[in-house]
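Mind looking over this structure? Questions follow.
In this document, chain identifiers A, B and C correspond to the written order of the chains, with residue numbering beginning at 1 in each.
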Amino acid sequence: MGSNYPRSVRCCLPLCVLTLEAAFILIFAFFTSYDTSPKDKKLLGTYQALQDFTIMAALGLGFLTSYLRRHGWSSVAFNLFTLALGVQWAVLLDGFLSQPFHGKVTIKLSSIRLATMSAMSVLISAGAVLGRANLVQLAVMALVEVTAFGAVRLTYKQVFKMDDHRSMTHIHVFAAYFGLTSAWCLSSSLPKEAKKEVQAEKVQMATSPSLFAMLGTLFLWMFWPSFNSALLDLPNEKKNAVFNTYYALAVSTVTATSVSALNHHQGKINVTDIHNAVLAGGVAVGASCHLISSPWIAMVLGLLAGLISIGGARCLSVCFNHVLEIQDPSGVHYTFGLPGLLGGFSYIVLIVLEASGNPGTGFMMLMDTGALSFALAMGLVSGLLTGFLLKLKIWKAPRAAKYFDDQAFWEFPHLAVGF
Amino acid sequence: MGSNYPRSVRCCLPLCVLTLEAAFILIFAFFTSYDTSPKDKKLLGTYQALQDFTIMAALGLGFLTSYLRRHGWSSVAFNLFTLALGVQWAVLLDGFLSQPFHGKVTIKLSSIRLATMSAMSVLISAGAVLGRANLVQLAVMALVEVTAFGAVRLTYKQVFKMDDHRSMTHIHVFAAYFGLTSAWCLSSSLPKEAKKEVQAEKVQMATSPSLFAMLGTLFLWMFWPSFNSALLDLPNEKKNAVFNTYYALAVSTVTATSVSALNHHQGKINVTDIHNAVLAGGVAVGASCHLISSPWIAMVLGLLAGLISIGGARCLSVCFNHVLEIQDPSGVHYTFGLPGLLGGFSYIVLIVLEASGNPGTGFMMLMDTGALSFALAMGLVSGLLTGFLLKLKIWKAPRAAKYFDDQAFWEFPHLAVGF
Amino acid sequence: MGSNYPRSVRCCLPLCVLTLEAAFILIFAFFTSYDTSPKDKKLLGTYQALQDFTIMAALGLGFLTSYLRRHGWSSVAFNLFTLALGVQWAVLLDGFLSQPFHGKVTIKLSSIRLATMSAMSVLISAGAVLGRANLVQLAVMALVEVTAFGAVRLTYKQVFKMDDHRSMTHIHVFAAYFGLTSAWCLSSSLPKEAKKEVQAEKVQMATSPSLFAMLGTLFLWMFWPSFNSALLDLPNEKKNAVFNTYYALAVSTVTATSVSALNHHQGKINVTDIHNAVLAGGVAVGASCHLISSPWIAMVLGLLAGLISIGGARCLSVCFNHVLEIQDPSGVHYTFGLPGLLGGFSYIVLIVLEASGNPGTGFMMLMDTGALSFALAMGLVSGLLTGFLLKLKIWKAPRAAKYFDDQAFWEFPHLAVGF
């Protein structure tokens, strides 16, 4: 279809992936065993949280990026592939990096839950390179990003003495900037014409694909309280996290919808704003959801997150598209990046306000600022390295003319049926 | 984009909504606090029920009305907006109205769950004004209807001495007739031609939108047992509610599908019947689901609900459309109104049969009839008032020519891509 | 719409179905009662499992087969109808066949859960006759297949002394071969031209329907661990089942995606492969998921299942289509049949390896081989009988020219809007 010399992943993909799977199977065979502790009172709760995470990862993040007219199949299926691969590697890596390590990694329900969360960082970043990476590149990206995020979490645990919940706090910031720098690398060498071409009708909206994206948004919206609360142990912190996430999401939904209308000269709403900005509240409240003790703080955070997300999409996107030449078709920066930074700052402010007067306040503030900066820096640097890695010719990346096009990856029955 | 003088909500919507949000944040700041009771054994169960409700409200009711070819985006997104706004107000109102009130409203998981249920009454009513109300009107409607339904519930608790579950019983009847009278007000002043125009191809069926509506129906169908059982405390009543709802839904599905074929001269099924009537069983059994002690009663109710729902859609819709001039595009009357009335009557009959011979039977029957009539009357009256309120020019309602059209509300990329 | 002499189910369907429902209501009235045991610690867990099963059955299996351009409505709605009917009959049958039976069948949450699982066998088989059976035929098929599967389960319990979980093991093998032989019967008498016609553009892919099918696949994928683990009692077996299913699914997803690319001369992926083969891992691990004590075995099974499923779809489909003349549009054989057989064999191998050296090993192996063969044989024979039953003229089957066409079953507004 089209080019006489298509770049085919026919040999490359099965070779890489099956070798990788064989290696995984060998490592699992020699270094892992199942958890056989007899009693597990929280089995049901942990399983529910795992299911909620899986729904968010496979369905929510999959369909969130399915709004492109000609890229729906790839969005959803590539997302599932990346998730399945990322989780396997994340379980192994978490086991090896966790202390103490006694020759065998014990696989628990909670470790699969944690691994699903780590793999979600890859899925968020994959939204930034959407439509421009093939499956081999996504597999490479999954391996590198899970490793880099594992390193971040290990540093958090060892240096900053954080628990599981806190070490996951900056996942949105890390994943968003990882994705953005990767995307910058991928598109930096393209000729101007190719970029124009890509901007064409392929990234247009259409009704059904947008409804699928809305479905993804809704699943993320509905299960975000689980995402923010699942790793907390104390029932009161868990409850607070659910309350605050719920309120922040409600306010950011209302804010985003009305501010989106303010942006258009006829008061019309932009559908991409709705897909992205309604989630900003949940992201912004993520870091501090267990600490906030009154709904109004969560509501203010939700309001700010909605404003920042939509304001960023309007003001920064010009700068990003034309100056930095980063394409961010699915708005990763405005859904996860900026609200994540807001969440990081608000956490620092809250900690300082709570502990004001205590002797250790300054040190705590320094530590928390350091943790946020570390996530940001690691995201930028490892994303840049991954981007350069993904540009290697051996991965047989799709041509720019085939960007955002299912036909580059999928077998269509003799004549493609549009949509 | 048609008119040279479009009615834009550009200033109106953000002004109203952000002021409202600011007011909410202030009220929440001064009058609410989170529940901090240390132990909560039912945390997991309550959270699951809250999630089930959120899925029904955001996804089920959102997609249920997404079957119109050109109104899919609005159906889903406006539904989410209304839900997010309605829940905030319902939590506050429930807290202020509940006895005893000690200066501070304590926010529990169960109060958010109850508020989600109250907000669902708005979502049901919004189905009746579907395609004819803009976001400002929906926000006004949410505030008024949550308040009116709060008044109904307060009366039930104070006068009729009902518990939380019983006070929610007549939500379907209230919401359906509230919506229908609002819709009547909105359309009553339109010229004949405008109505004809609205009846045109915009309300036609198309495959994908109908599948989305089926998705919404399925989510409501699957989680209806949670809806009917979540507010019950005794495990046995909870189980009975689940059983009865399950059976009533199964029978109404089978009945609706086959009776729909009977209605067509070639035995073809109507897709709107399926969207609506399969749910009628769950609505009809709502009032008495905890009392019915044998599956066959629930099954008979499901059968009757299916028959009434489809019969009503065929016989009454002519009367409604042409005589009363109420447009009910999403069949709120046949999904929630008529089966809700059936449920109310069946509850009275069951109570009387159970207590026959006891001295207080007559009084109980009177009380229950009074409760049902009160919900119906409040729905009709407050719906009428809301309808007149919504007709005010300050809300900048869309023109009749733009009814049922996403283009009136949404920014489309230079050329609209049909579906 | 086409034929001047259409075969209408206008009288046939309501007559059959309402009579059946009336019979069900009578049987339920006289022979069943609700479970009223006061304490039920596992209520929440059982209800969650029931909900997960319902989601898999109504949503997952419904949308899995919705990828045909002109058959989406029928796929989803007929699936719901068959489920609602099948569950009612399965609850009754399970009650009557279970020992001891004391005049009254006690309906528990767990019996509805089991009945939903039995009804899923019908939904799987219905995928094989997809687009060629009307609602009356599906109702007949539901009654016969639930009965036949009940007989298989009774034999398993009585003769092979299996528990509930084990007796459900071979559901995929039974259902797949039941469906295939029924489909063979249905199409065996068609003239060659009719078959060609059916192969035309109606079975083509289109974007939105395929995304709906992906949605179904994802729901099955996400909840498959519940399917495999719900009937197990010991917490450790339950956990193992979840782990193994999760790993098998992850590996079969990765394998299927990459091997599908290997099959195409340009390295493009086939979307039907993705719909089907990603689930093969869950099917293959079903029989032995509670026994496998190390993830690598589950991963190897997932890998093999992915290979077999895609290999079968390429190599066997030619033989099936042209020699045996079995049409299997939704790939039931490759999703459920072959992986189910793989699962059965792997269970036997695992049992033998575990018990090697013990005196009873040979007998156990014989018993397990017997159980698998019995499921296969019963599926083939009862499917054949059902197929002949479905060919009777009294069911008013749709004409071959109307196969795979929603217009044969659904009322379209004067002009059909394609998709």
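Criterion: contacts are C-beta pairs under 8 Å (C-beta built on N, C-alpha and C of every residue); 3 or more make two chains touch, one makes a residue touch a chain.
All of these numbers come straight from a predicted model, not from anything done at the bench.
At the interface between chain A and chain C, under half of the residue numbers appear on both sides, which makes the contact a different-residue one.
The rotation relating chain A to chain B, fitted on Cα atoms, comes to 120°, given as a multiple of 5. Averaged C-alpha coordinates put the centre of chain A at 34 Å from the centre of chain C. In chain A, the residues touching two or more other chains are 44, 48, 208, 215. Every residue of chain A that touches chain B in the complex is listed here, in rising order: 44-45, 48, 52, 69, 204-208, 210-211, 214-215, 218-219, 221-223, 225-226, 235-236, 238-240, 242-243, 246-247, 249-251, 253-255, 257-259, 261-262, 264-271, 274, 278, 293-296, 299-300, 303. Taken together, the chain B residues at the contact with chain A in this complex read 1, 6, 8-14, 16-18, 21, 24-26, 28-29, 32-36, 38-40, 43-44, 47-48, 51, 54-55, 58-59, 62-63, 66, 70, 72-73, 76-77, 80-81, 84-85, 87-88, 107, 109, 112, 135, 208-209, 212, 215, 406, 409-413, 417-419.
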